[in-house]
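Please go over the structures that come below.
Consider the two complexes below, in which chain A is the common component and chain B and chain C are the respective partners.
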Partner chain A sequence: MADEMKDMILEYVIEEYVDEEDDEEEVGYDTPLISSGIVDSFSMVSLKVFLEKKCHVSLPDKEATPEAFDTVNKICELVRRFQD
Partner chain B sequence: MAYSAKARELFAEDIQAIRDKGIYKEKRFICSSQNAEIEVEYPEGAPKKKVLNFCANNYLGLSNHPEIVKAAHEGLDERGFGMSSVRFICGTQDIHRELQDKVSDFLGMEDTLLFPSCMDANSGVFESILGPEDLILADRLIHASLIDGIKLCSAQYDTFKHMNMKHLKKKLELHQDKRHVLVVTDGVFSMDGDLAPLDEMCDLCDQYGAMILVDESHASGFIGKTGRGTHEHFDCIDQVDLITTTFGKGLGGASGGCVSGKKELIELCRQNARPYLFSNSMAPPIVNASIKVMDLVTKDTELRDKLEWNAAYFRKGVEEAGLCVRPGNTPIVPVMLYNAKLANDMSRDMYAEGIYVIGFFFPVVPSGAARIRVQLSAAHTKEHIDKAVAAFKKVGEKYGILGLDKKGIIEKYGM
Partner chain C sequence: MSNIGSYEKRRENFSWDIAKEVLKWEEGEILNIGAMCSDRICARGDGEKKALIWQGFGGKQKTYTFNDLRVLSNGFAKFLKELGVEPGEKVCLFMDKIPELYVSFLGVLKMGAVAQPLFSAFGDESLEVRLLSADTKVIFTTRKHVKKVRKIQDKLPALEKIVVVEGNPNKLRDEEIYFSMEDFRTEDFTAYESGPDTPSVLHYTSGTTGQPKGAQHGHGSVWGQALTTSWVLDLKDDDIYWCTADPGWVTGTSYGIIGPWSLGVTQCVLDSGFTSAAWYQFIQDNKVTVWYSAPTAIRSLMRDGEGLVKQYDLSSLRHLASVGEPLNAEAVIWSEKVYGLAFLDTFWQTETGSMMITNFPGMKIKPGSMGKPFPGIVAGILDLNTNEPVTEPGTVGLIAFRPGWPSMFKEYVKKPDIYRSKFVGAADDAMPAELRVDESLWYVSGDRASFDKDGYYWFVGRDDDVINTGGHLVGPFEIESALVEHEAIAEAAAIGKPDEVNMEVVKVFITLNPGFEPSDDLELNIMNFIRKKLSPLAMPQDIEYMEKLPKTRSGKILRRYLKALEWGHDVGDLSTLEDD
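And now, the complex of A and B:
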């Protein structure tokens, strides 16, 4: 179940944020997303909208920080915390 | 004293952290009027140096144009220095109304509202017209002032990939349940010089019942065959709902901005926009000079035509010299270097050659996309541009990047 969520988020991140022409950019579960510039803090909102819709959670703005969204693994931890 | 030694130490640490990240903004002093040829004191305390300015937003060369300066003097003599009031109390003169009307005519919009700056216009427009049941859908590379305005508004927001129409369409489909959807884009993106494909965007907005706002700060006065802007360039003037723009760039270069568009939306800005309600009016000399600007850009296309020629001539020159230049057809010409240190080092060497340009790198541009952004002006002569191209060639040769493409530069210097 956890891996399914990870894969779903990873797939979304690649589709939503990685440039189709950029074949050099490999993104994995622990790739920094925000601190590396793949996702900027403004467009991070798309990811939040997706997570809330797909995972049926409400992520408070104060918890949805760039740090908490920096890798797919960290995002999974955050979502699970609010699913419980 | 509340400002304790400890507080001072902590703030000093914050400043040091900015320096450590390599994003500290140095002080640079211009000791002349703004123009193609300026005198600069940099670094602070250094002797003044005469350089050619290739990094100003002085697109039409109006910052120090004699007719504009004269009009500012007349405004000062006839209507005084300041208004000492916000617009709606006692800060609106007839010349404010005249400028608004001229801007509406020029942009092809129903109505216009002046703000102290376009930053203020962008801060106020969203909160004035949208609420929690609405959605703002923004290009990911819009200007920081739009982002701030969006964050100040209670509407929901989402983003789409930069100028990616497939992605915009997908997001418009996703958000069909919202009351109003407002798509937001820059007309010309300031870091890349990209033109937003407004015709396609407007068609998508029509298809999905969305409105569109375009920030034309880097377009008004010179993009399009008569300089009306990006909407003229793409022949979709009637499809645009809102435009924000500035008098601080091509249209004079002093200050002031506006929101222009559908009359109900402008009226809501007049009633609700906090930067309109709580900040002073544009000063009379600037308003009078801006009226003259609108007359000049409406009268003929001489200045925008010269700017267009200058931009094409410079672009051809640096491309032929072997620099890696981002494709485009605006007066913003990014010379791509990819590596932040290289961009910094080259801009310093360009300054030594008498050309004032600045290196831009993360977080101002995406990581690995460092560049020197060159901005052309109608005030540049052919000789100025020849000198800038020669300097780029000399400095580019020093760093061994002439003839290299993106891959070649990254292999040599990293990202």
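And now, the complex of A and C:
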């Protein structure tokens, strides 16, 4: 289940934020997203909406920080915390 | 002692020529911003002084002296000349905050062309509109962003050259040119002899209706930018200055390039995503002394709390200022508590080119106030109905300025009628060259405010439907036009919705085409559609589906009605509302 979530988020990030022509960016579970500029802080909002809709969770704005969204693994941790 | 000293005395004895004294500029010297920010600083003996301390993703760092700026910008200037670019032609700079952006800006100006910096997060449609409007001839970009240019280049007849300044040259297409600035260090280049009205920088700004307008500035803007940098940001020779703005917007050029470098001050640039910890680390590592940022960032830092602040040594900071949107009183009070320094709010806009109403070092701060007009700036509040200046403190009206300050924009590219419409009292046939020097007129900013009995100005809001999100203006028309290109959307209206951190975020009201139903997937799809097409700033953060949009009897969507409902304001006169 956890791995399914990770894969789903990773797939979404690659599809929406990584250019298909860009063969230099290999994005994995621990690739920095916000601090590397792959996802800018304004675009975090659409990522948050995606997580809330797909993972059936409500993420408080206070918790949805650039740090908490910086890698797929960190995002999974955050989502799981609020799913419990 | 601050550079400004006594605000009152400065107002009494003001002349813009003081800027020349501050810059130690003498009649007969060159008035070219590119040369003034590099050659001139070297000529005065500061060539080996650090000009730029840059840090990118992953902590990568580079440092450039003023002599580096000189020879590297000479390289850009020479390269452009060899490409056949003529003075006055537009050269777009479309890249992240990498060193090449800053240096190319100087190079373009040095050879007499017009620098057109554009925010690198713009999607292809936002880019197309602005390049088409400006008849841009050359674009400097990066491998990451050239893909957006490729998508639209066939629709841009004036665009002759696409130049990529970093990345692997082997990955470029045949018609694209690779330019490595380090390979083009050029010792000698004679800068173009520009005058105060010679076009320099072109920034695009959004309005309520129509596409964004190009606000053209001239080289004489440097007087206003240098003097406000000295008196408001209080920069001194030994400061380490950090302006967090992106040069894709006017703050990033007026105060992220021209202001500090014309004065020969060292500045830092951090080109990586925002996190509070990374920003504090950057201040600590570089011993930043003066920090010019934006309310959205300050409120994000507030959200991360005082505990984080205490983990860093920020004792180098001595002066803080803010721009982009009104700085709320809580943020001013908080910054004074946790940093020991209050962020001083500054008010100005793309068109004004430099600060107009601000808080000054040494002045009594009223948290939440915009401050007072800069010495030499004649500001007023115009009555909302009569356009006459109000005299009663507390009366809300339009913020207006008497024309004639040196950084004032020269024109809207190809739009003299819209330029004229910004001046109260302008003759029907008056042209930009007359309007911008006519001190009997009022230039109207598009914002509302009042002043109090002590002469402090207090921001109230926009006088139009333009959305201010995170300090950036977004035009509702642009968003609506893009939304109806989505296959599911029949009609759309965009407004600003209140937001704690960003002041406003984009909210849209839409009706769907037959065969489409509201769903989570559709909502997300629409958000990403706008994010990629326009920019992350324009992306709706709230989407409301409607059966029908409110319209006037003549069929115009009543955006102000939707906005009033959203903000809980009086909806006003609805006599023109279309019957159900």
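Going forward, the second predicted complex is superposed on the first by the 84 of 84 C-alpha atoms of A that agree within 3 Å, B and C clash if a C-alpha of one lies under 4 Å from a C-alpha of the other, contacts with A are read in each partner's own complex, and residues count from 1 in each chain.
As a convention for this text, contacts are C-beta pairs under 8 Å (C-beta built on N, C-alpha and C of every residue); 3 or more make two chains touch, one makes a residue touch a chain.
These numbers come from a predicted model, not from an experiment.
Asks: Is A:S36 contacted by the first partner chain B, the second partner chain C, both or neither?
Replies: Both partners, chain B and chain C.
Asks: Comparing chain B against chain C, which has contacts with more of the residues in chain A?
Replies: Counted on chain A, the partner with more touching residues turns out to be C.
Asks: Just to be sure I read the superposition right, which of the two partners does A:V45 touch: chain B = first, chain C = second, or both, or neither?
Replies: Touch partners of A:V45: chain B and chain C.
Asks: After the superposition on A, what does A:D3 contact: first (chain B), second (chain C), both or neither?
Replies: In the superposition, A:D3 contacts neither chain B nor chain C.
Asks: In the overlaid three-chain picture, which partner chain does A:E26 touch, first (chain B) or second (chain C), both, or neither?
Replies: neither
Asks: Residues on chain A in contact with chain B in one complex and with chain C in the other?
Replies: The answer is residues 16, 19, 36-37, 40, 42-43, 45-46, 49 of chain A.
Asks: Tell me, which parts of chain B touch chain A in their complex?
Replies: These residues of chain B touch chain A: 138, 140, 147, 156-159, 161, 362-363, 366-368.
Asks: Could you pull out which chain A residues touch chain C in their complex?
Replies: Interface residues on chain A, with respect to chain C: 16, 19, 21-22, 32, 34-37, 39-43, 45-46, 49-50, 53-54, 61-62, 65-67, 70.
Asks: What residues of chain A sit close enough to touch chain B in their complex?
Replies: For this pair, the touching residues of chain A are 16, 19, 36-37, 40, 42-43, 45-46, 49.
Asks: Quick one: in the complex, what on chain C touches chain A?
Replies: 57-58, 96, 121, 144, 147, 271-278, 303-304, 470, 500-501, 505, 520-521, 523-524, 527-528, 531, 536-537, 539, 541
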